[in-house]
Amino acid sequence: MDLIVYLAGEIHTSWREELKRKAVERELPLSFVGPQENHDLSDDIGENILGTQPNNVIKDDAASSVNNLRTQVLMQKSDVVIALFGEKYKQWNTAMDASAAITLNKPLILIRPDSLVHPLKELSNRANITVETVDQALEVLAYIYE
Amino acid sequence: MDLIVYLAGEIHTSWREELKRKAVERELPLSFVGPQENHDLSDDIGENILGTQPNNVIKDDAASSVNNLRTQVLMQKSDVVIALFGEKYKQWNTAMDASAAITLNKPLILIRPDSLVHPLKELSNRANITVETVDQALEVLAYIYE
Amino acid sequence: MDLIVYLAGEIHTSWREELKRKAVERELPLSFVGPQENHDLSDDIGENILGTQPNNVIKDDAASSVNNLRTQVLMQKSDVVIALFGEKYKQWNTAMDASAAITLNKPLILIRPDSLVHPLKELSNRANITVETVDQALEVLAYIYE
Amino acid sequence: MDLIVYLAGEIHTSWREELKRKAVERELPLSFVGPQENHDLSDDIGENILGTQPNNVIKDDAASSVNNLRTQVLMQKSDVVIALFGEKYKQWNTAMDASAAITLNKPLILIRPDSLVHPLKELSNRANITVETVDQALEVLAYIYE
Amino acid sequence: MDLIVYLAGEIHTSWREELKRKAVERELPLSFVGPQENHDLSDDIGENILGTQPNNVIKDDAASSVNNLRTQVLMQKSDVVIALFGEKYKQWNTAMDASAAITLNKPLILIRPDSLVHPLKELSNRANITVETVDQALEVLAYIYE
Amino acid sequence: MDLIVYLAGEIHTSWREELKRKAVERELPLSFVGPQENHDLSDDIGENILGTQPNNVIKDDAASSVNNLRTQVLMQKSDVVIALFGEKYKQWNTAMDASAAITLNKPLILIRPDSLVHPLKELSNRANITVETVDQALEVLAYIYE
Amino acid sequence: MDLIVYLAGEIHTSWREELKRKAVERELPLSFVGPQENHDLSDDIGENILGTQPNNVIKDDAASSVNNLRTQVLMQKSDVVIALFGEKYKQWNTAMDASAAITLNKPLILIRPDSLVHPLKELSNRANITVETVDQALEVLAYIYE
Amino acid sequence: MDLIVYLAGEIHTSWREELKRKAVERELPLSFVGPQENHDLSDDIGENILGTQPNNVIKDDAASSVNNLRTQVLMQKSDVVIALFGEKYKQWNTAMDASAAITLNKPLILIRPDSLVHPLKELSNRANITVETVDQALEVLAYIYE
């Protein structure tokens, strides 16, 4: 049974590549989708398509329109959602995607470091399971096929 | 027409009291609900009910269970959701509640300071409207009755 | 049985007042809600709340945010929707509200003049019933209580 | 990931062919569906199937029945909806399809000329993104795969 | 706890009056709604509102539009549906309402004479319960309060 | 685009074979599903699986359980529903399936002879389109691909 | 804010009376509904209404029809569900009601003794919160109002 | 038409293997999914992934998180659910899965021995059909293709 996994979360480390590589090594029939990982492109995509905007607030809103359409299309196609929180940044998109997954009844695996237990406690409580590493998340996915 | 408004967001300032007082002054038929505003109680409610837990992770999860049940009951009863972000803290509960409101088709008013435009841009783009002050949010609510 | 009726459609004639008055005369237990009927206010509400916007496109988008939140709140509360098309203007909000009502399984009464039969034929076909006058729409509502 | 795109909107220019051709050139795995583009057939399909109707109102309603069934089947199959407004005509079907897409949580790209900003402002505000050209819409679709 | 009961089914006997009277005698907090019971009015309501139609097929379709709007409004308000089949007539409206109730997850009580067991077997199997008399249906409703 | 069509309705004539044959002749990418067409098997399937039942009412209920499971599986897989009424029999299963399709937002084509216009008027009004012959229904399906 | 609480679970002890009494003492605006607590009536209600059935399997099915209708009506009206498991009996109705509540997004409080931790672990994991005593469940409800 | 069948129920006998083998023998286009059948793995999977937990309650909750995610993914993919109850154990997971299937409108076949008629009567009444053997359940599945 092929499954599609949406990988929400920070785009500053290569955790998605690591997860994909290990899934291939284990021959799991998973395909992965996720947000735009090129940060500059993600910020500029609104102006790239619509042209220069009058100020940064409008520029950000234009970029968000395109990013949100992308997320909506791909998350609706997915069977499972993984949301990874790192120690830096606000990561409100990650929280937004995780909460949307919960509300849409998409099974959710949350990955977060030990240091974020307290501020993420309500979101963690609503996730199907919370783990600390990418390897653990992959174990959860692999268990579906065992 | 009476409406119920869920007030998600930070619990360290008195913005809810300000909003409620001004709604009364303008004689708007609104009632307000929201999360537990007593921060210590919110952290301890799990152990208050279930007794001492084996460690802080479990303690946090127990408290979250009760907080999340409360939020789920009250948000399902509400007609409009306001989510306020301040400049401090991760505020992932606020993001979780805002995203749940969007996904449930509850109309959402986002309040955030100018300094948070960029990190909140995707969430802001999916809200019905984003404003910067409690007064502006009240103007939006008042407009429903004009 | 009290019912709430959302009155979508043009705001340049007094058809809503006529409908409300006649409903009162017939002692029907109906209450009516609808869009902002003050056209200038409807266009300016974004800037009234958010301040001057950089250009007219952004000004229009700001106003629409508030108008759409209002519509979403009130239509979700309503049991029946009436959408009236007149001979002037594009009236795309009316079409948007009518189609939203159909998709939400809100019963829909369409009012349109004979001259608009052809361009409105698909929307008319999906409405529960299409009539030509406000009096006829009121007859449909009254029949619920007969 | 293959996606199906429903192309709502006017049928008097060849914008759909242009979009399809450019999608093929860019090797995007998209397939496109949409309304009947043969205007006469679209008007006559009711009588073609059911025989001559007693008057034009009934003829129009018969044609609409078949057109609406077609739209319902194809839109339910689609992952993204594009709705294009031109400067002529009432285009209420386009508005109906756009609003249905929004209400069904189908991601929506609105294309409209600068001259229609004001009358389309509420619909534009509810779309995921509004652009002015077919090329821009294609850029949005292409971004899903970048 | 007040409940609203939609009474689908034949309109040629006084079973609804009997049920209402007995519910009052037992002081059950029930209110009852249902289709138009004046058969001639039910057939003529389309022409009463829209004027003379070109033929009987169109006349029937016009009347059905108004009857279906009424049913949709009232069934959406109801907590329980009772559908009574008698020995005469096709009673396809009754079957339509019963099946709509099932699909909407409205609890359904089916009343039918012993002679109709076989032709109604699939519908009966999907109802919550099937009884033979109005008194039995009232017993089921009364049990909710016991 | 392949579509699955559920063929509800009477099982005493070969209308399904006719429709399937003509769809093949026109090379339409349709596949067809429907109820059990072997009438005796449809009546006996409960006892075939569960053994002899205590009386005919229970026998009928057992058979209905299996028939209804089959219908539920196949209708949930289908993109379009056709419901054909003939002049004989009560055909309440056909009405049940047609109403379920409407309530599930499955596009519905109703086929009924002229003699049944009046008793089927409410169901016909809620169908997407009503025709009189299998050929007409096929024309509607073919139009999706034109 | 008044809330309705459905009390699923065993009917052999007076836990519901205890909960109701304590809720009154604390002046919580709660009303409580639940299954038939008279065990004999719950077993006999099918035959009470429908008359003697051919065997015990059919008798049980008849009673279940009425009990399930009651549960469906009352659970759809409720805002929160409490499910209490005791140490005796299979209690599959309690599990059925608890799982239905979860799937319907009704907030669920599970009460079970320490001895049932292991066999109830998956259901407990999906509940909002699991407690061991009626007093703890009441604390959770009271917290909604704090 | 390929169908996916979720096999809920006890994991102590080889009923799933028997069912799969016989489905292959009859060349039915069915694929089967279900819970983890390795009991020890099912109990230990939480600690396998997350490491040693502070006590057995937390260990059980961790294991349940993974088991529930697996069930949610696979049941959402399935077209039919079979739930088998044996004579031993509480089997609350089986009841949970069966009730979830009912509430999600997944067709449900219940298998239970004669000895469990009474305690399972309400769940049995809500299933599409209840049988006593694996062979009977397979007959029901085979009937979909007859």
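Read from first to last, the chains carry the letters A, B, C, D, E, F, G and H; within each, the first residue is number 1.
The rule we apply is simple: a residue touches a chain if its C-beta (ideal position, glycine included) is under 8 Å from a C-beta of that chain, and two chains touch if they have at least 3 such contacts.
Keep in mind that what you see is a predicted model, and the values were worked out from it rather than measured.
If you match contact pairs by residue number, over half of those in B-G turn up again in just one of B-C, C-D or B-H, and that pair is B-C. Matching CA atoms, the turn from chain B to chain C amounts to 90°, rounded to the nearest 5. Distance from the chain E centre to the chain H centre is 38 Å, each centre being the mean of its Cα atoms.
Inter-chain centre distance (chain A to chain B, centres taken as mean C-alpha positions): 23 Å. Centre-to-centre separation between chain D and chain G, using Cα means, comes to 49 Å. Our note on geometry: chain B versus chain E, Cα centroid distance of 44 Å, whole angstroms. Each of the following residues of chain B touches two or more other chains: 65, 68. Of all possible chain pairings, those that touch are A-B, A-C, A-D, A-H, B-C, B-G, B-H, C-D, C-E, D-E, D-F, E-F, E-G, F-G, F-H, G-H. Touching chain D in their complex are the following residues of chain F: 1, 3, 79-80, 105, 107, 109, 128-129, 131, 136, 139-140, 143-144, 146.
Residues of chain H touching chain B in their complex: 54-55, 58.
The touching residues of chain C, when paired with chain D in their complex, are 56-57, 60-61, 63-65, 67-68, 71, 89-93, 95-100, 102-104, 116-126. The touching residues of chain H, when paired with chain A in their complex, are 4, 31, 33, 36, 38, 41, 45, 48-50, 62, 65-66, 68-70, 72-74, 76-77.
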